[in-house]
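Note that subunit A is present in both complexes that follow, paired respectively with subunit B and with subunit C.
Our next item is the complex of A and B:
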C-alpha cells in the first residue's frame, strides 16, 4: 500500500500543538449565559419542595428551573444506535431534572445567570426539602432484602438485568467437577474458589464535559458539544425535549478526550432545554471537574465470585463466574457492559468441560456506570487472569505455558458468529515473553528473601471490533473534488484524539490515488450536513467507518476515471490514478480481468461461513422473579458451542481476497495523461459536460473479527512501603495491519498509562452517606508523567480479511491487560495473591503484613 | 471567575496590615495555590483578598552576619530550591519544597503560605520543625517571634492573628551548622501529591563521623499538626552510626510520639507503618550524607 501503513504526522498536529485548534468553549459567543446545576445533598430520597426565592434575588440571575418544571418525558442516554426493535432499545429512566433523587449530586434544579459567580451564588441559596431514604452505595446493599427499589416503574428490585451464558446448554460447573473427579481422580485436580473485585473509576479526560446551546433563527435548537457521538446526541436531545429530530442540531468541534464518558448523552439535553426556556439565548453548561468525576459516568465496579478447576498437569477443565456490577443510579448503557464482561470472561480461556458466566447489573445510589475504554473487558481480564494465575500458583504451573495451553484457540467462533480470523494471540505471547526474558526471570526471581522483591507477570485479552451483530454498524462518507484536484472528506465517526482524522485521510488517499497533502478531512461534525455515522466508540472507526471511506473513495475514483475517459476519449478500464495524475494502466500480471470486488467478497464470505458452521445460542435470562424480562435484548451476547477451525486451513489466498484495498493488483502506472487539476477544472467549468464530482455512500458493516494482545511486566515491590516500581513493561498487540505505526504506538502508550492507574491507584470512594469523597484530580489518583515508566510496544501484524485495509481494533485494547499483569507479577514477587484492584500501597502493606512478610 | 468582592495589592507590610484591619473578611493571598482552590470550592466565597505578592522585602533568602538565615515568606518553592544559600546550608529544605505538587505550583506557591496555612501535610513542615525555624509576625502592635514548634494550635490553625503578616522565617546557625538531613515524602504517586506522610531526619555527627551527636526528627501528617519526636532524638544522641540497632530504635520509639488519624486517605495503621519505616530510611540517608563529608554542613 502507498499511504496506509506509513507514519504520517497527525493532520491536526499543528493546530493542537499551537493551540489554534478550536474546542467547544473556544467557540462560545461573548454574550453566552452560564448555567449551573443544583445538585442533591442526599443520596437517596425525594425532593418535596424547592424554595428559590432567595436565589432569585442574586443580581445576574436570569432563570431558575427545577425538577417540577421539566417536561414529563423519560429518555435513555446511552451512545448506542437506535434499535428499530422496541425490546432492544435503551431504557429511558431519567428526566431532564429529577425529583426522585438516586445519587448524591443528582440533578434537581438549574440556574442560568450572566456569569458563573452569580449562578454559583444563587445555587448556594436554593433551599430544598427532602424525604430521605437510606443510601444504597454497594451492590450488596442494593440486593439486600427490603432495599428501596430505585426505579420501581422499570424494575421491581434493583437488579437491572441478570443474564446467564454457558459454553453449551447443558454445562454445569458442579456436574463438570463430578465428571472430572471420575476421569482424573480428585487427587489430580486443583480448584480455586474466590471473590475478586475491580473498582469504579473515572475517565478523567482533560477537557471537561461541556456544551453551549442556542435556538437558531430557523427555529432549530443548536448544541455545540464535546461529544463522541454527535448524531446519537441529536436523537437523544429530540427524545428528551419531545422535539422532532430535524429541529435539533448538534455540532462537535475538536474534543479533549472522552474515553467513553462522552459516548453517553450527559447534560446536553438539559442545556438545550435551558436555552429554549431563556428565549433561545445562548447558554453554556460546563461541568466542574468534581461533577465530571462523580456525576457523569464511570467504569463499572465489578465483583466476580469465581471458580476454576484444572488438572495437576495444567489443563483447564471448567470455570464459573457470577459477576455483579455496580450500575449506579441510572441505566446509561444498560446491561451491555456487564454482559460484555461476562462474555469476555467466558471466551478468553478454553476449558475441557466449559464455562458458565452469569452477569448481574445492579442499580445503586452512586455514580452512574456507563461506557469506559474497553467496555467491560478490563474487568473481565482482571477476573480471568487473576483466577488463572491463582490456579498456576497453586498448581506450580508456568503462567505463560498455562495460557498457551488453555487460552482461546485459533479460529474461535463466538455463538453470535464473531470469528477470530487473523489469530495472533499466541504469537503476541511469544513476542512478549521474549521481550521480558520470561524464562530467565521466572527462574531468577524464585526463592527471594528480603523486603524488596522482584517478579514478572502477564495477562492476555481479546476484543471484538465494533458492535456487529449485537447492534447496528452503519457508516456514511462523503467526498468532494475541488477545482485544484484536492478533496474534502466528510465523516461522522469523530476525531477524539485517537487520530481518526489522520488514518481516514490516509485511507482516502490510498484508494483514490490523491496524495495526502491534497486530502482535507472535515474534523467538525455538524449533524445538519455531516453524513450519518453513530460515532467514536467500540474501537470501531478504522474498521467500520474505514469501510465507508474505502467504498466512497472507490466511487469517487470511478467518477474521476469516467470523466477522464470522456476527456481523453479512452475507456476508463485503461486508466488509473496515481499521485494526482491520470495515468495509463499497465498490466504486469497474466492479463486476466479481476472479478468484481463485491462478487469476490461475497463468494469468499460464503465459503468461510460454510467452513465455520456457526453454532446456536443458549439463552437463560430468567430474572429472579421468574419473569423472562430481558432475555430477548441480550440474546445476542450469548455464546454457544465453540467450533474450531484455523484460518490457515483455508485454500491459499482465500483470506486475502476477502479484502480489496482498492489498489489493483498486478498493475502499475504508465504514461501520465492528465493531471487531476486539469480534470477538475474541466469538470467544474466545461461548457460541454459540467459535473461536480462527488461521492456519498453508506456502508452497512456486517462483519466482525477479534483483536487480541498481552502485557508482560517485570517489577519490584518495596514491601515495607507498599510501593511497586515497574522495571520493564511491554504490551504486544494483535491489531491486524497497522494504518499508521507511530499513531498506533502512541495509542498504546496512553492505554498502558491508564492500565497502570487502574491497577495501582484509581478508585472512586464514597462515605456511608453515599457522598463521593475523592472527586478531584488530587485525590483521584491518575498516574502523572513521573509515575509512568518507559512503555514498550510491539505488534504482530497479520492482515485481517475483514478489515478494510487488513486492520482491526486498537483504540481501547491497550488499557486492558496492564492491571492484571501487574497483579500477577506481584504474586510472583511476593507470593501474595491480591484479590482486588487498585492494589494501593495501603492494601499491599496490609496484605504483606497478613502474609508475615513485613 | 472566582467569587471575590475586593482585591488589594499591598505596597508594604504596613499597607497589608492596614488593609487586613479595615476588612474583617479579608484573607492574605500570595501564590494563591491554596486560597484560590478554597475559593473555587465555595468556601470563603465573596471574601476580600489582600495580596502580599508584590512586597519586595518578603522575597528571597538572606544570611545575616551571625549566620542566621532569613527566608522571605513570599519566596516561591522553585526559588527556594534553587537559592544558593539554601543549597549551601539547608539543601534538604530545598528538596522538601521541591516535592510540592508540580512545577507550575512550585513556581507560584510560597514557603510563607505553606507554613501559615497550618496544614500538617505541608511539605516544608517536617523540615522547618527540625530547624527550629522562628516565625516572625508583624501586626498592628509591632513584631513578635514565634518558634515554629509553637506556631500551630490545631489542624489549619496557627497563632497568627487576623491582621498579622508573616514577614520572615529565621533559622539560627546552631540549628543547621554541622547537620546533614533528609526529607522523605510519601505519597500515592510521584508528583501532584499531598503527603500521606512526611518525615525529616537530621543528624549532627561527631568530627570523626562515628557518633551521632544530635538527631532531630520531624513529621508531617503524623499528628494533627507538624511535630518533633524529641524523646527518640534524645535516645539517638551518642549512638554509634554503625550500630545497626539505631534503626530499630528510631523505628520503634517514634511510634510512641506520634498520633496519626485514620481517614479515607490512609488508615492509622498504615501511617504508623510509614512513620516507622520512613524514619529508618531517612536516618540512614542522613547519616550517609554526614559520612559523605556533609556537603550541606
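Our next item is the complex of A and C:
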C-alpha cells in the first residue's frame, strides 16, 4: 500500500500545537448566557417543593426552571444506534430535570444568567424541600430485601437486567465438577472460589463536558457540543424535547477527549431546552470538574463471585462467574456494558467442560455508569486473569503456559457468530514473554526474601471490533473533487483525539490515488450537512467507517476515470490514478480483468472461512472432545515464524483477493496522460460536459472480527511502603494491519497509562450518605508523568480479511490488560493475591500485613 | 467595580477594565479571545491553562488578572513567528506524535518553551518532574517527553 501503513503526521497536529484548533467553548458567542444546574444534596428521595424567590433576586439571573417545569417525557441517553425493534431500544428512565432524586447531585433545577457568577450565586439560594429515603450506595444494599426500587415504573426491584450465558445450554459448574472428579479423581483437581472487585472510575478527559445551544434562523435548536456522537445526540435531543429530528442540529468541533463519557448524551438536551425557554438565545452549560467526575458517567464497578476448576497439570476444566455491576442512578448504556463483561469473561479462556457467566446490572443511588474505554472488558480481564493466576499460583503452573494452553483458540466463533479471523494472540504472548524475559525472570524472582521483592506478571484480552451483530453498524462518507484535483472528505465518524481524521485521510488517499497533501478531511461535524454515522465508540471507526471511506473512494475514483475516459477518448479500464495523475494502466500479471470489488471481498471471506474450517460445528467439536481443534492452517503458522506468514500466501490464490484496498493487483502506472488538476478544471467548467464529481455512499457493515493482545510487567514491590515500581512493561497488540504505526503506538501509550491508574490509584469513593468524596483531580488520582514508566509497545501485524485495509480494533484495547498484569506480577513478587483494584499503597500494606510479610 | 490593568500580552500592550476577582484565564479567553488557554479544572489541578508570566509557567486559573499589572504574558498564540513558522517545541510535538486530543497541548508547549528559554538541558527524569503539573489522559506522556527531550534533553 502506498499511504496506508505509513506514519503520516496527524492532519490536526498543526492546529493543535498552535492553539488554533477550536473546541466547543472556544466558539461560544460573546452574548452567550451561562447556565448552572441545581443539584440535589441528598442521594435518594423526592423533591416536594422548590423555592426560587431568593435566587431570582440575584442580579443577572435570566431564568430559573425546575423539575416541575420540564416536559413530561422520559428519554434514553446511551450512545447506541436506535433499534427499530422495541425490545432492544435503550431504556428511557430520566427527564430533563427530575423530581425523583436518585443520586447525590441529581439535576433538579437550572439557572440561566448573564454570567457564571450570577448563575452560581442563584443556584446556592434555591431552597429545596425533600422527602428523603435511605441512600442505596452499594450493590449489596440495592439487592437487600425491602430496598426501595429506584425506577418502579421500569423495574420492580433494582436489578436492571440479569442475563445468563453458557458455553452450552446444559452446562452447569457443579455437574462439571462431578464429571471431573469421576474422570480425573478429586486429588488431581485444583479449585479456586473467590470474590474479586474492580472500582468505579472517571474518564477524566481534560476538556470539561460542555455545550452551548441556540435556536438558529431556521428555527432549529442547535447544540454545539463536546461529543463523540453528534448524530445520536441529535436523535436523543429530539426524543427529550419531543421535537422532530429535522428541527434539531448538533455541531461537534474538536473535542478534548471522551473515552466513552461523551459516548452518552449528557446535559445537551437540557441545554437545548434552556435555550428554547430563553427565546432561543445562546446558553452555555459547562460542567465543573467535580460535576464531570461524579455526575456524568463512570466505569461500572464490578464484583465477580468466581469459581474455576483445573487439573493439577494445568488444564482448565470449568469456570463460573456471577458478575454484579453498579449501574448507578440511571440506565445510560443499559445492560450492554455488563453483558459485554460477562461474555468476555466467558470467551477469553476455554475449558474442557465449559463456563457459565451471569451478569447483573444493578441500580443504586450513585454516579451513573456508562461506557468507558473498552466497554466492560477491563473488568472482565481483571476478573478472568486474576482468577487464572490464582489457579496457577495454587497449582504451581507457569501463567504463560497456562494461557497458551487454555486461552481462546484460533478460529474461535462466538455464540453470536463473531469469528476470530486473523488470530495472533499466542504470537503476542510469545513476543511479550521475549520482551520481558519471562522464563529467566520467573526463575530469578522465585525465592526472594526481604521487604522489597520483584515479580513478573501478564494478562491477555480479546476485543470485538464494533457492535455487529449485536447492534447496527452503518456509516456514510462523502467526497468532493475540487478544481485543483484535491478532495474534501466528509464523515460523521468523529475525531476525538485518537487520530481518526488522519487515518481516514490515508485511506482516501490510498484508494483514490490522490496524495495526502491534497486530501482535506472536514473535522467538524454538523448534522445538517455531515452524512450519517453513529460516531466514535467500540473501536469501530477505522473498521466500520473505514469501509465507507473505501467504498466512497472507489466510487469517486470510478467517476474521475469515467471523466478521464471522456477527455482522453480511451476506455476507463485502461486508465488509473497514480499520485494525482491519470496514467496508462500497465498490466504486469496475466492481464485478466480484476473481478468486481464486492464479489472479491465476499469470495475472499467465504474462502477464508472454508480454509479455516470455521463455522458452528468447529467450536462444538472443540468442546466435546476437549481438544484445541486448531485447524491445520493455524498450526502451520503457530508452529512457525509468523513474520514469514503472509495472508497473501494462502494456497490457490484466494489470498490475493482477500483484501482489496482499491489498489489493483498486478498493475502499475505507465505514461502520465492527464493531471488531476486539468481533469478537475475541465469537469467543473467544460462547455461540453460540466460535471461536479462527488461521491456519497452508505456502508452497512455486517462483518466483525476480534482483536487481541497482552501485557507483560516486571515490577518491584516495596512492601512496607506498599509502593509498586514498574521496571519494565510492554503491551503487545494483535490489531491487524496498522494504518499509521506512529499513531498506533501513541494510542497504546495512552491506554497503558490509563490501565496503570486503574490498577493502582483510581477509584471514585462515596460515603454512606451517597455523597462522592474525591470528585476532583487532586483526590481522584490519574497518573502524572511521574507515575508512568517508559511504555513499550509491540505489534503482531496480520491482515484481517474483514478489515477494509486489513485493520481491526485498536482504540480501546490498550487500556484492558495492564491492571491485571500488575496484579499478577505482585502475586508473583509477594505471593499475595490481591482480590481488588486499585491496589493503592494502603490496600497493599494491609494485605502484606495480613499475609505476615511486614 | 472594575479596575484597570496594564500588561503586555503576546508582545502587545493592553489596557483592560477587569473585576478584581477575575482570573487571568478568564481575561485571556473571554476578553482577549486567546482560546489556546484551556480550562480543565479552574483550580490548578490540570495545567491546561498554563501561560508564561514574565517567562515563568503558571496556571492562569490561579492567577488574578490584577496581579499581571506591568507583566509580560505569553500564550501559545504568541509563539508563531510573523511569517507563521513554529517553534522547535511545537514542531517536535508534531514530529513525535505527542498530540492526541490536543487539549493539554498548548499548556505543555508553554512549559516546554519555559524550559527552552532556561538555556539548559534536562534529563528525562527531570523532565518528568517538570511536566508533572500537566495532566494528559491520551498519551501516557511518553511522546510528550520524547518531544520535549528532543529539544532540551541532555543528548539533544
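Just so we're on the same page, the second predicted complex is superposed on the first by the 800 of 854 C-alpha atoms of A that agree within 3 Å, B and C clash if a C-alpha of one lies under 4 Å from a C-alpha of the other, contacts with A are read in each partner's own complex, and residues count from 1 in each chain.
In the analysis below, a residue touches a chain if its C-beta (ideal position, glycine included) is under 8 Å from a C-beta of that chain, and two chains touch if they have at least 3 such contacts.
Given the structure is predicted, the values throughout are model-derived calculations rather than measurements.
In the superposed pair of complexes, A:121 makes contact with subunit B only, with no contact to subunit C. After overlaying the two complexes on the shared chain, residue contacts for A:149 are found with neither subunit B nor subunit C. Touched residues of subunit A were counted for both subunit B and subunit C, and C has more of them. Look at A:767: by the touch rule set out above, it reaches subunit B but stays clear of subunit C.
In the superposition on chain A, A:720 makes contact with subunit B only, not with subunit C. After overlaying the two complexes on the shared chain, residue contacts for A:784 are found with subunit B and with subunit C alike. In the superposition on chain A, contact of A:670 is made with neither subunit B nor subunit C.
Touch criterion met: A:840 reaches subunit B, while subunit C stays clear of it.
When the two complexes are laid over each other on chain A, subunit A has residues 777-778, 783-786 in contact with both subunit B and subunit C.
Of all the residues in subunit B, the ones that touch subunit A in their complex are 1-3, 42, 45-46, 102, 186, 188-194, 196, 264-267, 269-270, 273-274, 277-278.
On the side of subunit C, the complex with subunit A involves touching residues 29, 34-43, 45-46, 48, 75-77, 79-80, 86, 90-91, 93-95, 97-106, 109, 127-129, 131-145. Contact residues on subunit A toward subunit C in their complex (touch as defined above): 7, 9-10, 12-23, 25-26, 203-208, 254-257, 259, 288-289, 496-499, 742-743, 745-747, 749-754, 776-778, 782-786, 788, 790-791. On subunit A, the positions that touch subunit B within their shared complex are 115-117, 120-121, 124, 720-722, 761, 765, 767, 773-774, 777-779, 781, 783-787, 840-842, 845-846, 849, 854.
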